[in-house]
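Below, subunit A partners subunit B and then partners subunit C, in two separate complexes.
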Partner chain A sequence: MAKAPAKTEPSQALDQGLAVGVARLTPEKIESTIRTVLKSETGARLSTYVETCIHCGLCAEACHYYLSHDNDPHYAPVGKVKQTLWEMIKQKGRVTPEFIEKAAIIAHTECNLCKRCAQYCPFGIDIAYLMLVVRRIIHKLGCTPLYIQDTAHSHSVTMNQMWVKGDEWPDTLQWQEEEAQAEFEDLRIPLDVEGAEIMYSVIAPEPKFQAQLIYQAAAIFHAAGVSWTMPSELGWDNSDMAMFTGDNEIMGRIKRAHYDAAIRLKVKRIVMGECGHAFRSVYDVGNRWLGWEMPPIPIVHAIDFYYELLKEGRIKITKKYPTPITLHDPCNVVRGGGLHEKARYVAHTLCESVVEMTPNREHNYCCAAGGGAINCGPPYKQTRISGNRIKAEQLFAAKTRGAQVLIAPCHNCHSGLHDIVHHYGVGLDIKFFGDLIYELMEKPA
Partner chain B sequence: MTDSANWDWDSGAKQIPITPWRERFRWVEEPNASPDGERVGAVVNLDEGEFAICINGETGDQVFDKAWHLRFTPSGKWYALVSEMAEWTVVVDGQTWAQNFGYVWNPLTCVSGDHLAVAVQQEMQYGMALDGVLWETTYANATYFALSADGQVTAAAVQVAACDSAEVHKFQEGTFSAAIAGNAWENRFVNVWQPVLSADGSRLAAEVRLNLYDYTIAVDGSPWPQTFTSVWEPSFHPSSGAVVAPVRIKGKWGMAQDGDLIWQPDFVQVWRQVFRPDGGKLAAVVAPKYGRWTLAVDGRAWGTLFRDMVTDVVWSPNGDRLAALGKNGASWHIIVDDKIWQRPFAMAWTPVFSPAGDHVAAKVEIDGHYSIAVDGRLWSGRCEAAWNPVFSPAGDKLLVKTIEEGIYHRRVLPLTEFAD
Partner chain C sequence: MHAVYAFVSGPLAWLAFLLFFGGICYRLVRLLWEVNRTEKFIFSYMSWKYSLRSIGRWLIPFGTANWRLHPGLTVATFTFHICLLVTPVFLLSHVVLWDEAFDVSWWTLPDGVADVMTVLVIVCCAYFLIRRLVTPEVKFVTTASDFVILAIVAAPFITGFLAYHQWFAYPVMAIAHIVSGEIMLAAIPFTRLSHMIFSPLTRAYMGSEFGKVRHARDW
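After this line comes the complex of A and B, so read on.
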């Protein structure tokens, strides 16, 4: 590949979290932190990746940032590693505060940890892991971007990502239950039912801003006659931005709270809402940090659960959705969980016409919101949008083939695609699977 | 401890039909049984926005806009969280606390059941109420609520300094502390988790984070001098007052007492530690290797390993025996003294020892029904609901509370009923 020149332009972002953190750095602190992380927290995996990479650049074509920036090598996955971790290793930690600032921006806002590049690397090098090592170093240096750092703080205090306080959670559920009872007289959102088959967990934006999604889920559970419950206390939120800030200790703490709630309630499995990063955390990363090889209580993503309900006829569809849809494959549940065919079963069961995006399934382009990028907040919104022109083109192509609605079964994808669709004027309505099921299902009297 | 000596231990059965409740009310929520089994109750819906508590079929005169979390205290009083006119309080055995609050949740009862505490939001300030009395000082936020074993003292992690969302550096200077009976420690921390009171409520220990990276245990406001890369909830020694907690060092977990290691950090995980009643031994759930779980006593791991988890650790009253639950895939197991009961279950609840420790019983789920198992043998009852069994003071009988075909049953069964 062409050698990537050093990127010299100053950051356009105004991020007080990052700026204050960088201002506090000293060369000694940077060097000792990098050396400590590399020595004590990495091992054969990092060494293997570093020694195996032949700098071929085949990963470049995999990255939506690279493609969206007209093949600028700075945005190639290998280019991002070159501008961050390799330099840290090569310089034995002797890099400048300005370098750390740039590395923080690259690792947090120009890579979604989507792992598409790992599929294109002839050696299967997981560049997302390398970016996570960078984020761990950035965390240890106190230079994490402000908005996502605040989210990690929220996790640490409340065990949810949006500072939802102890009373606000059950109060919101009871409010939604009351609302729903106007439609379904005996519908319940059962709290703390020990021995229920399922604990349903969500991410904090649902009680904070999107309570109707809890209403819809309750209606679906009600219609399907599912034995389910939600915890009234800590552990209800399955999300995890600490996983993306490199604060592994808080990640473990919030995953323990989530699984402890399920263990306390004696449920057989946990069904989670339409969120991708949370799936990655509960199914793969957070559980393993705690020492669980697999989730101690089986975790079922909403796509998988809807598939089960539709396949078994536990919810019946009164009519198919007439408007042509296209389906976004969220990275964390498709590349990370293999749910792409089940998503298609759900889509085809619900809809008359499903227009496939190209590429799709495990090769689908990321939304550019994932990996914590959207949680880095407004300073980097344009980074996400300009870094995903390729997604807009992909969506537009689906639209030209008839799609009018975009199904995005992941919260971060939903929000990120909203920005893409609006900025580029793609003109697609965006929905969750739950929106469609609630609209189309046979509702009990 | 609950005194069961005065309960009706005559062998036999009592029944309370539940099914007629479902005909009388719009809906009946999950029933709960009193510890002595004499009463069974449920939140019931009378009409739109009208809820009552039905105990043994009687609802009394109290109607609430909303009621939830009906439970019984160890002493057998029922309580629920109730709302009227958009305010919340607690009703205990039909007596509603005098004070109303903005919201109440997370109820806690003491060992005797004579005292009850709840988390409170009042005018967007947070604290706790004990037996209806709110802390004099409330805070911008409160989490992790605790009640002493004797029921005299409450505690929580509290936010003591204002800090708006996104003020990350101010947050990192420390805005949290722990409050005991509403009075916060002077020291501030970045985070405070899992405050634990000594049995008499005179001392308070909690997990704290000193900055983004250093964790330790604070006791009565003073952090241990040693710091760790993570810690889990502390426990007080029942007699010496020493404090122990799992601690993480260089990626492995051990156990520290008053800051010093007592178990070397050789484990992939350590948590849920429980002192033997006399404090002579300490047991905890451990992962001696990645993805394998067991119990360790005084730092020595048992040989039996489970793939998914070990939980619900219980010492016998005399401290001679130790039991827990283990899980492999969909199978839950009861393990006693490092030996697994032969029969696996679809679910199992906390094992219960007889007073002399010679028998172990547990509520279990098998083949879609609930039942009771004693010393590995399964009772023939197939139930829609069941509660934890209770041994008679002499240990020769078992109180079994169940719902079968819509009828609540209170049975006192001789242990011979559980023979093969």
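After this line comes the complex of A and C, so read on.
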């Protein structure tokens, strides 16, 4: 309709996966793929969302990309739908390869599927779902950004996100167990213990790059006397990038492996590390694809588990953390799991001073790394950073009120916030809850 | 003129109400049928408690974070929707028509109040129009159909206002008023005015997902 102002584009390097995928497209393939997805994979939900939207723009201010780009309407949630799905529907799938390239970038790197906009649209229109439909189309067209596609490949081949090979996993656990035994003589990382109380699962980047987190978790469970185990084989990784590339079939396979591992071990619950997207996948998405209304086995996020350990006094704190902290509410566990009050209980139990950032709880701003955005890799780093200036401002404000440490109980948030803190020079130290608990807890001799 | 009046207030009115009520039923039944066919899971997540909790919240002016963020729009949209629904139903001259035709009647608004409410609807329509034209995030997603539906809604109120005050060409205005009202009724189920039917349902679904699964507030 009205001529749009030019979009403020972040600088962006070449994405080879996307470029090659787009070069292979033909008009027929685009048209038939879009039509097939719209016709056979979507239904009344999509058409109702598209028809009910009154084009009021009220969702705009929900989105950190919009706020960070000086209210550029291209970044408003509904603006992104206009630039992708509306056009696909209107043209009945007859869009150009260039259009697909743009749609891939918008759906993958300019939306974190954070669902904040669903809280701002008066009708509760789920734009994250609409963006996922776009991603599904992009996936079927073979135009998913390279880096995240690589993680989906890894899921498909190794059933974990990081190409961790079969023996690398138990080796890493054994290595961490030995390291930890220098500190706690009788600590074990129990593998394949049938009938343990909980199965602990992590994302594959932990054994790959951050093995000390497994050490810390083992130390915490050891101190609390938790009956726990980890699977030595498939199903140990709870992460899921296939869910974000629209590769539902792979998503289903890896979630099934994860639940299967827990069932095989006859545990009562799955406790997972401080990761948000994995929680979304195991608690909310994978189960649905596999036909369960809710997960087949209780899923407990680390925040929830730490809450339990602290509340029941199974972990005792030697002293409170003296440095003032501020708490980031990860979308997937707060807007997606309601863990905000428990996170505050944990924070206040551990720390002398908690400075709230605003907005907070369900209304917190996303880190701009989630929804697979950070997994789209280096070509889009600037997209994430320039797209979340508002987060830097929010963090600055908390810092001005005294915060020196930022707690981010989610892996994606952690990495995304690291980039933001670094780029904008915010100067906050970023930590997991696990870091603090390990540091402050009473350690058994 | 009398023949035209008789036609628009007779057969055409029947047709408009038929399209309105029939259309609503048709759209609702079709939606439920479609959901049942392809996305049955939606039913299993629906919860009366959380649906009503969410809808209720959004029906309170300034009750949600976003209403508070847009005070002007919030006042306009609540004023607009309340006046839009209440005025035609409780207008004395409308109730008289029901009384004459079917021998049913109900409480009515004092004419002066109804007049003010009509003006409010028109003013709000003008506000929405200006907002569409000047607010970048709204302008960016505006399509021709948005102006059409705004016109469809504004027309019965503008013509009704002019007809009531009989400033000029009363018979023509009265007929224009009736026809535009009928167009609006008939258009509701088949244009994006259907948000009247669907928005409680989309809100209910999001409210249920947030309440039951996500344990978070969606406002």
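Everything that follows uses one rule, which is that the second predicted complex is superposed on the first by the 432 of 445 C-alpha atoms of A that agree within 3 Å, B and C clash if a C-alpha of one lies under 4 Å from a C-alpha of the other, contacts with A are read in each partner's own complex, and residues count from 1 in each chain.
In the analysis below, contacts are C-beta pairs under 8 Å (C-beta built on N, C-alpha and C of every residue); 3 or more make two chains touch, one makes a residue touch a chain.
What you see is a predicted model, and the numbers here were worked out from it, not measured in a lab.
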Partner chain in contact with A:Glu312 - subunit B first, subunit C second, else both or neither: neither
Partner chain in contact with A:Asp284 - subunit B first, subunit C second, else both or neither: second
First, second, both or neither for A:Asp167, with subunit B first and subunit C second: first
First (subunit B), second (subunit C), both or neither touched by A:Ser232: first
Contacts of A:Arg335 with subunit B and subunit C, given as first, second, both or neither: second
Partner chain(s) touched by A:Pro122 [first = subunit B, second = subunit C, both, neither]: second
Subunit B versus subunit C as contact partner of A:Asp70, first or second or both or neither: neither
Which of subunit B and subunit C A:Pro296 touches, first, second, both or neither: first
Contact residues common to both interfaces of subunit A (with subunit B and with subunit C): 293-294
For the subunit A and subunit C complex, residues of the former touching the latter: 1-2, 4-5, 42-45, 47-49, 51-58, 60-62, 66, 71, 73-74, 76, 78-79, 82, 118-120, 122-126, 284, 288, 293-294, 334-340, 359, 362-363
Parts of subunit C lying in touch with subunit A, wherever the complex brings them together: 31, 34-35, 37-39, 41-42, 44-45, 54, 58, 64-66, 69-70, 73, 133, 135-144, 146, 192, 194-195, 198-199, 201-203, 205-207, 210, 213-219
Sites on subunit A touched by subunit B in the complex: 17, 20, 40-41, 139-140, 142, 146-147, 149-150, 153-154, 156-158, 163, 165-167, 170-171, 174, 178, 181, 185-186, 188, 190-193, 195, 232-234, 247, 249, 252-253, 256, 263, 266, 268, 290-294, 296-297
Subunit A partner contacts - residues on subunit B that touch it in the complex: 26-27, 29-30, 45, 48-49, 66, 68-69, 102-103, 105-106, 119, 121, 126, 141-144, 159, 165-166, 168-169, 171-172, 176, 190-191, 193, 209, 212-213, 215, 229-230, 248, 250-251, 268-269, 271, 287, 290-291, 293, 307-309, 311, 327, 330, 346-347, 349, 365, 370
